[in-house]
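Chain IDs A, B and C follow the sequence of writing; residue 1 opens each chain.
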Amino acid sequence: MRLRELGEKLGREIRGNGEVTLSGVDSLESAGPGDLSFVRSLAWAKKLSATRACAVVVPSVVETGELPALVSPNPGLDFARAVALLLPPENPAPGIHPSAFVSSSAAVDASASVGPLCSVGEGARIGPRSVLHAGVHLYPGVRVGADCRLHAGSVLCEGTELGDRVALQPGVVLGGDGFGYAFDEQGRLEKVPQVGRVVVEDDVEIGAGTTVDRATLGETRIRAGAKIDNLVMIAHNCDVGENAVIIAQAGLGGSTTVGRHAILMAQSGAAGHLVVGERAFVAARAGLHKDVSPGAHVYGAPAMEERRWHRVVAAMGRLPQALRRLRAVEKKLGIGTPPGEGEER
Amino acid sequence: MRLRELGEKLGREIRGNGEVTLSGVDSLESAGPGDLSFVRSLAWAKKLSATRACAVVVPSVVETGELPALVSPNPGLDFARAVALLLPPENPAPGIHPSAFVSSSAAVDASASVGPLCSVGEGARIGPRSVLHAGVHLYPGVRVGADCRLHAGSVLCEGTELGDRVALQPGVVLGGDGFGYAFDEQGRLEKVPQVGRVVVEDDVEIGAGTTVDRATLGETRIRAGAKIDNLVMIAHNCDVGENAVIIAQAGLGGSTTVGRHAILMAQSGAAGHLVVGERAFVAARAGLHKDVSPGAHVYGAPAMEERRWHRVVAAMGRLPQALRRLRAVEKKLGIGTPPGEGEER
Amino acid sequence: MRLRELGEKLGREIRGNGEVTLSGVDSLESAGPGDLSFVRSLAWAKKLSATRACAVVVPSVVETGELPALVSPNPGLDFARAVALLLPPENPAPGIHPSAFVSSSAAVDASASVGPLCSVGEGARIGPRSVLHAGVHLYPGVRVGADCRLHAGSVLCEGTELGDRVALQPGVVLGGDGFGYAFDEQGRLEKVPQVGRVVVEDDVEIGAGTTVDRATLGETRIRAGAKIDNLVMIAHNCDVGENAVIIAQAGLGGSTTVGRHAILMAQSGAAGHLVVGERAFVAARAGLHKDVSPGAHVYGAPAMEERRWHRVVAAMGRLPQALRRLRAVEKKLGIGTPPGEGEER
């Protein structure tokens, strides 16, 4: 594709030679001849002189000299779109691989692809153009919408439902049993049957090794556009809002609700039955044990409001010295060493 | 099933019309005609008037008016048992799926079910009525007891042994190598062969994506009735006690022992070679670096006893103000600003 | 193997009867007749009298009386090597299992083993003596070097490259998409195509359920000799240095670099775009939000230098009492109770 054509597809202006041919993409440092690259801001622009890329996506304020450029108000976004156009994912051919097992009562669209060594259970349905890579297992009654991409080794248990354009990275598990037990008369844990299911709406993406448990009753629901990273744990009966973001190794306890556009950063955790408000921000490693207000930014464990957390962390760093200062004050006042306290270290 | 029959099976008294037919289960809010629901306590009882359920399980103190009811001293437990009776899990038919590979030296009970695309290694044994869902892999010498349920994609390495009624959710890994290395003469890490195995006793349940490593020598053992949630890491040579509970994303270092009925909450962690006593409670996100006494409740990282932790957390919140108060005291005493300290913010 | 032969192979001196035959290995407590065991130091030596092992590996300072012994300056290392000699892993026979699917354009060395129900995509290459256990899936263009061991259920996405002697425990995912999104004009998250790949160099070992994401552009690289434990998350474009160690459930944000011989302990986390210096030590549960200097030891979240962290933790424990002491000082000076503060508890 020529740079000029790319500009037309993205609706952006071209500077310099639009006839240069683009064959790949890479970072400014690694790009070779034929590669398109990009500059997010003036701060990166100094690397431009050394790049071997044949064209770059830049914001209008960045000078590019001889180097052909596509001018964008959002270079990161337009570069991403350029990559999608220049290097479209290679879809496996439609059809069911001979090594796959598809139940006779399942319905697989003719344009869908079921890869090697997949299994598709009774009554399952797979929509147009959806792709199951190798070794994906669908239990009975699973529904997969259109244009989904299920990577190798993913497992979808009974009744799981995916909307359209859902992407599951390898090893995702949807619909495992929730962790539900009741104490019996002898004080032992007796399993509470988990008879609900998992519903994943349109345009959701879920990272490698993440697990979403089925509801005890009813649904665990991941709403449209939510993006979930790797090794995240979402327990039974959670409700993750539209366009919410949950980063790697975070965990949600049972029946927790995450509002639209909320963000939970890596390794954070929420106890069960909480509500994280719309557009709330939960910092990395924060631990929630109560609700988070819409728009609030919380940090730490136990989590607290951002400014307060910064003050507490700063004060903690000054604490060893403060104890020495307190001792000096006590001495000046003739107050003896308190019991259990030696000299301050 | 009629409500009257359910009462007989559970040994509970029925109030109102016992002839109503139960076809499903759901929460009070979501239940439709034909559904059984339940009320745990008086606090939930106000939702009773709006439910469309045809019958409910209730404690005796809750009035139900016209609505047929099963009266229980433990409504959560009896509802769980009712669900198990009304919606028994659909077991796949016994037999070995034609797409599975079973070694000729393996012994699969005739009443067991080996699902599509499973592999069963040399000398492995699978007991009566156990079910392997699709894509389960048993290495040579694995033993699976009776009435086990191994969900899709689980992997059991050489010599792993399961008792009876063990449930593995999808993607569980039992018997991967423990993390053991010794420094060689050049200071590089040389692998310590991991030649032990994993033993899982009766009635254990293990959540999706959890990994239990084989022992370096001897056994990593999960004792009868323990319940382990998703994405938990149990390292080599651990010993998890009877009826212990380990919640999602918690981790145990090597050779750590967890006592009977102990509870480790989500995202907690224990260093290696520790002993967590019987009936101890380790709070969510707690980090253990020393033993926990039987019955102790510990919080925080580094973990401390519950009351002490509450006091420390409360004091931390008051710390920024305390620093201002300390500065005021110093001023009153004519003590100058200490080096490195500006005015308190 | 006789003890004498073992001593010759390891280049170590034998004490006592070198003709004893070794048939297994176990700990001092569990060993039976025919087992070799070991003693790391004098502290363990008191268990020697009770062992039923037929021989032990010991440091020279330990007396062994009648018990035959192999004398070693590093008993742990020599015992590990003895285990590898006495109990070599049983490799599956070379060849492609009839239930596996191997693309016609893939190249599998004749000495390699492809287990049951594996899939090998177009153009993939598998080197001499490498073993794929059951249910491993290689996407197109994957390269596996010599003497690798890929355990069941591992998934390697397009273009992933493994050096020689790489070991993957069950359920490892290499090359899933990195978590990259750009906000579109409507404020929704649009996927940034992830077109880079994962490169794993020689002698790397990766634990069960660990995920390493492909680079957005270029490479995510795990350098020679690095050892990574279970359920670790390594995000796109990370660079893990030679012989680095990352323990269970730790996580690295995108584009983070870990230096040679650095150690990240369990459940620690690093934000993206950080540099962890060579031979740095990051304690269990530490949370990094800035670079770590080479050789530094950091603890806590937010992470701080080890000595400082010990002082802060000790001071935190004394904080509740310090607040009482501060109040006493204020009273003596006639300063009233500050607003919002009651009596100290």
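Here is the rule we use: a contact is a pair of C-beta atoms (placed from the backbone, for glycine too) under 8 Å apart; a residue touches a chain by one contact, two chains touch by 3 or more.
As the structure is a computational prediction, the values presented were derived from the model and not from experiment.
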Degrees of rotation, nearest 5, to put the Cα trace of chain B on chain C?
-> 120
For the copies chain A and chain C, give the interface type as same if over half of its residue numbers appear on both sides, and as different if under half do.
-> different
For chain A and chain C, let me know how many angstrom lie between their CA-based centres, rounded off.
-> 24
Two or more other chains are touched by the chain B residues 99, 117, 135, 153, 171, 209, 231, 249, 267, 316, 319, 322, 326, 329, 333
Residues of chain A that touch chain C when the two form their complex | 25-27, 30, 74, 76-77, 80-81, 83-84, 87, 89-90, 97, 99, 115-117, 133-135, 151-153, 167, 169-171, 205, 207-209, 225, 227, 229-231, 243, 245, 247-249, 266-267, 284-285, 313, 316-317, 319-320, 322-323, 326, 329-330, 333, 335, 338, 340-341, 345
So in the complex, which bits of chain B are touching chain C?
-> 99, 101, 117-119, 121, 135, 137, 139-140, 153, 155, 157, 171, 173, 176-177, 179-185, 188-193, 195, 209, 211, 213, 217-218, 231, 233, 235, 249, 251, 253, 267, 269, 271, 287, 289, 301-302, 304, 308, 311-312, 314-316, 318-319, 321-322, 325-326, 328-329, 332-333
